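Some structures are shown below for you to check.
Next come two complexes built around chain A: one with chain B, the other with chain C.
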Partner chain A sequence: MSLILRNIGRKINKNWIVRNLSLNVSDGECLALLGPSGCGKSSTLRLIAGLDKPDEGKILINNEDFTNVSPVDRRIGMVFQSYALFPHLTVLSNLLLGLKVRGVNKDEQRRRVINVLSILQIEDLANRLPAHISGGQRQRVALARALLRDPLVYLLDEPMSNLDAQLREELRPELRRIILNGGQPVVYVTHDQHEAMAMADRIAVLKDGILEQLATPEELYKSPASIFVASFIGRPQINLLTNEPNITTAIRPEDIYLSKEGIESKLIYKEWLGNNQLLLLETPFGKLRVLCEANIRISDNIKINWSKDKEHYFDSNSKLRIN
Partner chain B sequence: MILLLLLPATVLIALIFGIPLIRYAWISTHAFSVITGLELVPNQGANWLRLINDQRFWQDTFQTVRFASLSVSIELLLAICIALILDQKWRGRGITRAISLLPWALPTTIMALGWRWIFNTPFGPIDQIFNIVGIESINILSNPNITWIATVIADVWKTTPFIALILLAGLQSIPNDLYEAFRLEGGKPIQAFFKITLPLLRPYILLAVLFRLAQAFGVFDLIQVMTGGGPASSTESLALYAYLNAMRFLDFGYSATLMLGSFFLLVIACILSWIIISRFQYQLNEEKT
Partner chain C sequence: MNKKMNIIIGSLIIWSIAPLAWQLYTSFSSPEALVEPFSQIKNRWTLENYIQVLTADPPFWKYLLNSTIVGLTTTFITLLFAIPAAYSLSKLKPIIAKSARLILFGAALFPYVLLFLALLEFARYLNIGNNLIALSIPYSALSMPLAVLLLSSAFKDIPKDLEEAARLEGLGIFQRLRWILIPLIAPATSSTAILIFLFSWNEYPIALTWISKNDLLTLPVAIARIAGSSVYSIPYGAYAAATVLGAMPLLLIVLLFQKQIVSGLTQGAIKG
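Then we have the complex of A and B:
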């Protein structure tokens, strides 16, 4: 029982916005679609939801072909970036609307709505309009509506991007608990790598509609499959050294250390980050970013070093990892 | 501070609307005509007494109300359809939008003359069509029972684009997300129209209806040019009757009384439609838990 995308693709005006994408999300697994804007992650979500039709490939839910099933019959629990709550209806009516159009009987409607209101602890908001509750509360209502759909698959489209950073961190564990509780596959779209790493069991990194790498957060960080993934995952950004022909060597700023013996470098700029500091150094390899402890005093001329086994190697032409 | 900032607008509105209204009220309690030598002579509410007993006033009130309610209802229904069509994405939508506004851009007197010709018997195209199809000629503009419908048709033709434009703006203010969320909830397009589109259009519908009611209640130019109020005063509106009293009979006192009378009727009509359209929203929300 799971969600399977088999070689799906979608094009708009002859441009492929998603191409040859295959994913497999098992029950109770949260898969994040991660990438910069325009990478096709939201388009992929719309394909799964049935809001757009794929131009190629198949979508299977629990081994049944859902490719041509209309969104009305698809049983998708979706949380929109905008939350898409009906502004003219109270929270209670927002939640009841779906049950009503699906013809659930009155007692059942009431029982289920009261149940999700209590799961999400929003009983007090039942008679308020969406305009009169906070962003975090709106997100809960949107989530409650998705739960009420009794879905086969959960789709979350940047569900936290309208919340402030502090609230986002607070909500992550709770959101994960609630959506994974039912044991359905969850697809989570985000452009924020921290959020992806916190929320997802596995992450699919997309670029220009093509899957760059599908792996656990740890694998993505430790052995990125391409230069793009290496640069996209991990902050501050990884250093790319191109002094060897056809090979790009990458080294993370946090893997470089200051030492008595090593590469001579000149400090160009530094940024204090609280628990550590980010240095930008001029070296024979070019400009390098280095992360070091916050309490070290940095002089203008310093020596740096790193161990060979922390280096990542990529083919400069194909941009892919060389092992 | 807030009151201070509101002051200029308040003063302006008071000058433009308040003073004429007070002046009308003042005149309506006086005899003020050629007979009095165009002097204001107090007449102890005789104008108002005359108004209440004036058969022609009540007949014109009936005519104005049926004209306004029928034309605004038809316009609203048509405009919703047109706005829904123009809101869809299709080739040539831009040019269609522009063309559909043309009737509204035409001066009323010009289009009223046009419609007078269209309904002309036996030379107008409607009568010609009747001849071809084999329907007996009816003198559309000289039959007291149907002429008013011809004026409604002309009014609908002219002002539907205006309402459609307001409603189109309303439709475009509804985020597409809402429709997609509703589809994922299992909702069908027809349900989406009644559960989402219509309620969210409500403020725009209210605006359009109030605008149009005010216009239709004061309809003058269309009727004056198309039928002159005839046949047998059957299409005479309150505004036309007030105009005749002032300009033909030179009885400004009674004319002011008529204008004030129709103003009160308009206020009542606006309040009624506001209540009806507002109630619509409350019915959608569930009773409390």
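Then we have the complex of A and C:
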């Protein structure tokens, strides 16, 4: 019982926007598709939803081939980035429409809508139009509609990108709880690594339509499979050193420390981040980002060091991890 | 700047209202008053023109009814075919859609008067002259290109997400049209409907040639007959009264649907 993508690919005008992608999302698991814009994450979601057809590969849900099933019959609960609420219908009618069309009987309709309204705490909004409620409330209504679909798979396309940062943080645990409650596979598209790490059990990092790495958030951080993943995951960005031929050494800013003995460096710039500070240093290895505690006084000339086992090594040509 | 705008808008309003006001004035004036507008006449104001028009045989309301029947049928038939056609047009591949639009645009701009002889042959061949419902066939056909163009751009303006969300909700194509798409293009539909109705209301050459029975005439033809009813004089007053009566229903429609035409229903669909 799960969602399986087997070597799926999609091209537009001879350009592959998703290529040879294989994923496996088990029941009750939240998988995030993470990557910069244009990496193919939303395209992948549309393929799973059936809104676009893959040019190659298969999509299996609960071991059944869904590749050619129309989105109308696919039983997908999707939350759109725009929420896509029907603007001419009240919240209640938005939620009832699908049930009515799918032939759910009247009593059952009422029971389920009342249930979902209370889960999401939006009972008060039932008779309002989407234009007259806030962004956060719209997101809840969109989620309610997805829940009522009684779906085989949940798909969430940047569901929080239209909300402000504070609301996003508040909603994350609630969203995760509600969406995983039913035990279906969940695919969550985002370009925000913090959100991916907070929401997902595993993260698939995509670049140019190709899967760079599929791993738990911790693995992604601790052993990135490529230079791209190393640079994409973790803020401030990882330092890349290219002083050895054919090998790129990477060291995270938070793994570098100030010491009495070590590499002589000159302070170029510093940024105070509250509980710590970010230093930009000129060193024999080039410019390095260093994260250190906020209360340390920084002079213009300091020495830094890091332990060898914190280093990551990549092949400079293939950009892939060595070891 | 503002003052200048007011003057421009004011002159435009006068420019478009003046002929109507003149017509209204004429319809309430006695024949003597029309001939000598500046002299003192006892019976300057009169309802005689209206009485004359309304008590003629057939009475004027009969023509209003005829035109309404043709207008409603035309509007109904046109929308019945134009809505699905417009939806399909909005879903076509861009290259095909562009050529289809171009052809429709050409058809919309075609001077239809050139067709009326051929249409008359058509009516005679099928023996559908002197039939009000049959008159809506050429009217719908002639309104179709513009209606399809207007409605298809309305369909295109609907955010793509909305229809996709509806598909995922399990709505088939007819359910999507019924519950989502047609309600969302309602403002465009009502303005298109008014344009179609207006065309049918005002159409002259086809009505003139297809209808010859006195009690089946539509307004424009009937009004023209009033103007030409006497060999010795032109009954300006009766003619004006008929024009005023003929314009009333249109004014009413525009006033009733004004809100729907103006309102933008799609706001709030996307984060706003």
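We adopt the following convention: the second predicted complex is superposed on the first by the 323 of 323 C-alpha atoms of A that agree within 3 Å, B and C clash if a C-alpha of one lies under 4 Å from a C-alpha of the other, contacts with A are read in each partner's own complex, and residues count from 1 in each chain.
We adopt the following convention: a contact is a pair of C-beta atoms (placed from the backbone, for glycine too) under 8 Å apart; a residue touches a chain by one contact, two chains touch by 3 or more.
Bear in mind that the values here come from a model prediction, so they are computed numbers and not experimental data.
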Three-chain arrangement built on chain A, chain B and chain C clash or fit: clash
First (chain B), second (chain C), both or neither touched by A:Lys287: neither
Partner chain in contact with A:Ala84 - chain B first, chain C second, else both or neither: both
First (chain B), second (chain C), both or neither touched by A:Arg111: neither
Partner chain(s) touched by A:Lys303 [first = chain B, second = chain C, both, neither]: neither
Contacts of A:Ala131 with chain B and chain C, given as first, second, both or neither: second
Contacts of A:Lys53 with chain B and chain C, given as first, second, both or neither: neither
Chain B versus chain C as contact partner of A:Pro71, first or second or both or neither: both
Contacts of A:Lys266 with chain B and chain C, given as first, second, both or neither: neither
Partner chain(s) touched by A:Lys222 [first = chain B, second = chain C, both, neither]: neither
Contacts on chain A seen with chain B and repeated with chain C across the two complexes: 49, 51, 71-74, 76, 78, 80, 82, 84, 86-88, 97-98, 101-102, 145, 149
Chain C to chain A touching residues, read off their complex: 159, 161-162, 164-172, 175, 179-180, 183-184, 186, 265-272
Contact set on chain A toward chain B in their complex: 49-51, 71-74, 76, 78, 80, 82, 84, 86-90, 92-93, 96-98, 101-102, 114, 117, 123, 126-127, 145, 149
Chain A residues touching chain C - in the complex, by the definition given at the top: 49, 51, 70-74, 76-78, 80, 82-88, 97-98, 101-102, 129-132, 135, 138, 145, 149, 162
Residues of chain B touching chain A in the complex: 175, 177-178, 180-188, 191, 195-196, 199-200, 202, 281, 284-286, 288-289
